[in-house]
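Chain nomenclature is as follows: A, B, C and D, assigned in order of appearance, with residue numbering initiated at 1 for each chain independently.
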Amino acid sequence: MTRIHDMGGRFGDGAIAGRSGGRVFEERWHARALALTLAAGALGHWNIDMSRHSRECLPPKDYQRFSYYEKWLAALADLLVRHGLVTCGELSDPERSPACPAHQKILRPAHVATVLGRGLTYTRPVSGAAKFANGAMVRTRRHTANPLVIGGHTRLPAYACGRRGRIVGCHGAQVLPDSNAHGLGEAPEWLYSVEFAAAELWGPDTENPDDTMVLDAFESYLEAV
Amino acid sequence: MSEFDRHPGGRPPHSHLPPDPALRVMALETLLVRKGLIDPSALDEIADHYANRVGPRNGAIVVAKSWLDPSFRESLLRDATGTVSSLGFTGRQGEHIVAVENTPDIHNIVVCTLCSCYPWTLLGLPPAWYKSDAYRSRTIREPRSVLAEFGVNLLQSQKVRVWDSTAEVRYLVVPMRPDGTEGMTEDQLAGIIARDCMIGTALPRLPEPGQ
Amino acid sequence: MTRIHDMGGRFGDGAIAGRSGGRVFEERWHARALALTLAAGALGHWNIDMSRHSRECLPPKDYQRFSYYEKWLAALADLLVRHGLVTCGELSDPERSPACPAHQKILRPAHVATVLGRGLTYTRPVSGAAKFANGAMVRTRRHTANPLVIGGHTRLPAYACGRRGRIVGCHGAQVLPDSNAHGLGEAPEWLYSVEFAAAELWGPDTENPDDTMVLDAFESYLEAV
Amino acid sequence: MSEFDRHPGGRPPHSHLPPDPALRVMALETLLVRKGLIDPSALDEIADHYANRVGPRNGAIVVAKSWLDPSFRESLLRDATGTVSSLGFTGRQGEHIVAVENTPDIHNIVVCTLCSCYPWTLLGLPPAWYKSDAYRSRTIREPRSVLAEFGVNLLQSQKVRVWDSTAEVRYLVVPMRPDGTEGMTEDQLAGIIARDCMIGTALPRLPEPGQ
């Protein structure tokens, strides 16, 4: 078990609601929550893996009751406090906070289109060749746990731990979230697409044995079989 | 307990915000503006960017081109990131794109079980259902049941391949071109490629005659 | 992944609240919820495994936000409807329901002490000897899934799937919850206590490698290694 | 979706009850009485049974006897169900009892990760913390951290053995008899064996001198 966010394969969630779509922002505050998160992220105090981990670390009761943008907001508040940018006292009473000069990396409207349109590549150079070739059989590691930090961030879902699959693609070497989420460096690794037979993942709960599931797995998530 | 689960006084920081979500955003915005961390007019720009400037029309153009131009299709399947960049579709949550093509043998569908990863540059922001617990938990285990809820009936021969977006790679499903679209322009084709076709939860449909 | 209730090892739940104890029933309605559940159970329409499964099948959003006795109540309401004893319409408007004669197995106050004090043994005779001896090494099955019913009840927690342990006790043959919860018969099996090294279960998240965890596992949960 | 996850109209039956928990119980009681399924005076009896007739004193007597009488101890460890039955401690959620003894080498602690199984016949109903998500999720993975929150400091030499109550067997922890209890009667000993000592989240303590 990792955390509440790691829900792939969970039973009990019922039918998928709102399949017909809807507006980009269903409420005005949704747009504001998204924009606040991106603008605060542009200050450079944390990276995307830290953002994800902050959402994952919401208490399960909050994670389950919050709507999507409520999770974003709560995780943003937690990040701001963790990184020393605001205090809990200021969160409960914003008016009490003194007015401060602008942060040197504050995002100005003129730069928004550039920043959002540029993106951030996660590909990094690594020394050494990829360990696994296309078609190679691999097994994912037996525990979903982050090996660097107890209770830490990882992108290996629990449903795919200790399972045999086949390499079906390599995306070059990319930043390792397990390290980057904790400020331990980017530690880039080769990133693969690994395909699993449905029955390997789901056993007796398999819906159709002809189907497959593919996930992206970093090299340290995998061992040769 | 991990250090992330420890909170002085037992309360995580976010619990100090007001309970109503709209008030919560306002409180946070007020605070961050006072602290010099946020320029409120940048927030308007960001909201406008995702409300009006990027959306599923981008992806639909990519798919339509791949239907019309075999060399574009080949390029898209080989190097989608480079190929869509050449159309100007670059940016956040679209840095590494992989296009996966439906065939008579395989139907592709995309999910992010761990959060809500999605190709923003090609499809805009994800719909609420894509971010729902039900879609995240069920699609990876019972894609056919999920597809049936979306009204998608697969060919008898088709296998399902579910892509779980667990890293920074974003997946674009390239649906099969339906019969009856011969002679349609790129623009007309893009018009029948709805957002959900590129997630894998719908199939392109010709407009009803007379519409 | 099974369901939301299967939370052993999950991160994120924070400190344990209310460690100093408190009254047996913190609210008057707690006592009433407990009593209603036991009295309705005495009617004999379902067994304890069905009760547990009904609680497990609460939608995750409800399971996380409900207090303990709220879960009991909700699961009781769901059981009553599933077994045809009441309707959803009656739940929302009890006064509309016609007054009915007493159920033939209605629990009367004079029998409460006897019923509660008697209990229900779960031991059953089986043909054949236990497969595993004390000290034998075993491995739990690879999937937590119930092999009889998709999404069905099981008592093998996700954290203990596909793990090697040692038999440290046998409790005789007992009713198999995986079958009994679905009205598929009692299907008794030998029941063992299986002890695991902490590191086998938790890998990099192990708190102390000298520690062990023991769970009770039915014979079909186990294979020899 | 499993059949248990399908609900007509998308709403599980319990969602038809009133939102306030106290009103919810009342509505359900009203309905079940009207339907002839419940005799309300039986509810009073049940509540009284668990509020006043069974409780941790039962377990404390068992432990105190095991400290005083080596043959009782031997019998308890060999066949706890039979041994506690002979004292009249039988009933619901106590049909199959196993006693696990703390020693200088091993400290035992009990949890039910899947629900809240607990030896009602010996300890009464479980305390709220035993049923909490935090206790259920954490104890099985980090028992020492949990014990520290309860103020339990183990001997350097002690291993921890966590018992996850996954079947109908209920576990009674038999704590070590503390020094300074020589000459105490069974009743006096039972007085220092608090409920939590028999779950494994506390150690028996002598009353402070003068109390």
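To be clear about the criterion, contacts are C-beta pairs under 8 Å (C-beta built on N, C-alpha and C of every residue); 3 or more make two chains touch, one makes a residue touch a chain.
Computed from a predicted structure; not experimentally measured.
A.B. asks: Which neighbours do chain B and chain C have in common?
C.D. replies: A, D
A.B. asks: Averaging each chain's C-alpha atoms to get its centre, pick out the one most distant from chain B.
C.D. replies: Checked the centroid distances; the maximum from chain B is D.
A.B. asks: So, what's the distance in Å between the C-alpha centres of chain D and chain C?
C.D. replies: Spacing between the chain centres: roughly 15 Å.
A.B. asks: Using mean C-alpha positions as chain centres, tell me how far chain A is from chain D in Å, no decimals.
C.D. replies: Each chain's C-alpha centroid was found; their separation is 39 Å.
A.B. asks: Let me have the rounded angstrom distance from the C-alpha centre of chain A over to the C-alpha centre of chain C, please.
C.D. replies: Comparing mean C-alpha positions, chain C is 33 Å from chain A.
A.B. asks: Considering chain C alone, which of its residues make contact with at least two other chains?
C.D. replies: Answer for chain C, listing residues that touch two or more other chains: 1, 7-15, 17, 56-61, 64, 150-151, 159, 202, 205.
A.B. asks: Among the residues of chain D, which are close enough to touch at least two other chains?
C.D. replies: Counting only residues that touch two or more other chains, chain D contributes 1-2, 4-5, 133, 137-138, 142, 145.
A.B. asks: Select the category (line, ring, star, complete, other) that matches the graph of chains linked by touching.
C.D. replies: Here the contact pattern is complete, since every chain touches every other one.
A.B. asks: Once bound in the complex, which stretches of chain B touch chain C?
C.D. replies: Listed in rising order, the residues are 1-2, 4-7, 10, 12, 133, 137.
A.B. asks: Help me check something: in the complex, which residues belonging to chain B touch chain A?
C.D. replies: 1-5, 11-14, 16-17, 21-22, 24-32, 34-39, 41-47, 49-51, 53, 55, 90-96, 98, 111, 113-116, 121, 124-125, 127-129, 131-138, 140-146, 149-150, 159-169, 195-196, 201
A.B. asks: Which residues of chain C touch chain A once you look at their complex with the stated criterion?
C.D. replies: Chain C reaches chain A through residues 1-4, 7-14, 56-61, 63-65, 141-143, 145-148, 150-151, 158-159, 162, 202-205.
A.B. asks: Which positions of chain A touch chain D when the two form their complex?
C.D. replies: 1, 11-15, 17, 60-61
A.B. asks: Which part of chain D faces chain B closely enough to touch in the complex?
C.D. replies: Going through chain D, the ones touching chain B are 1, 138, 142, 145.
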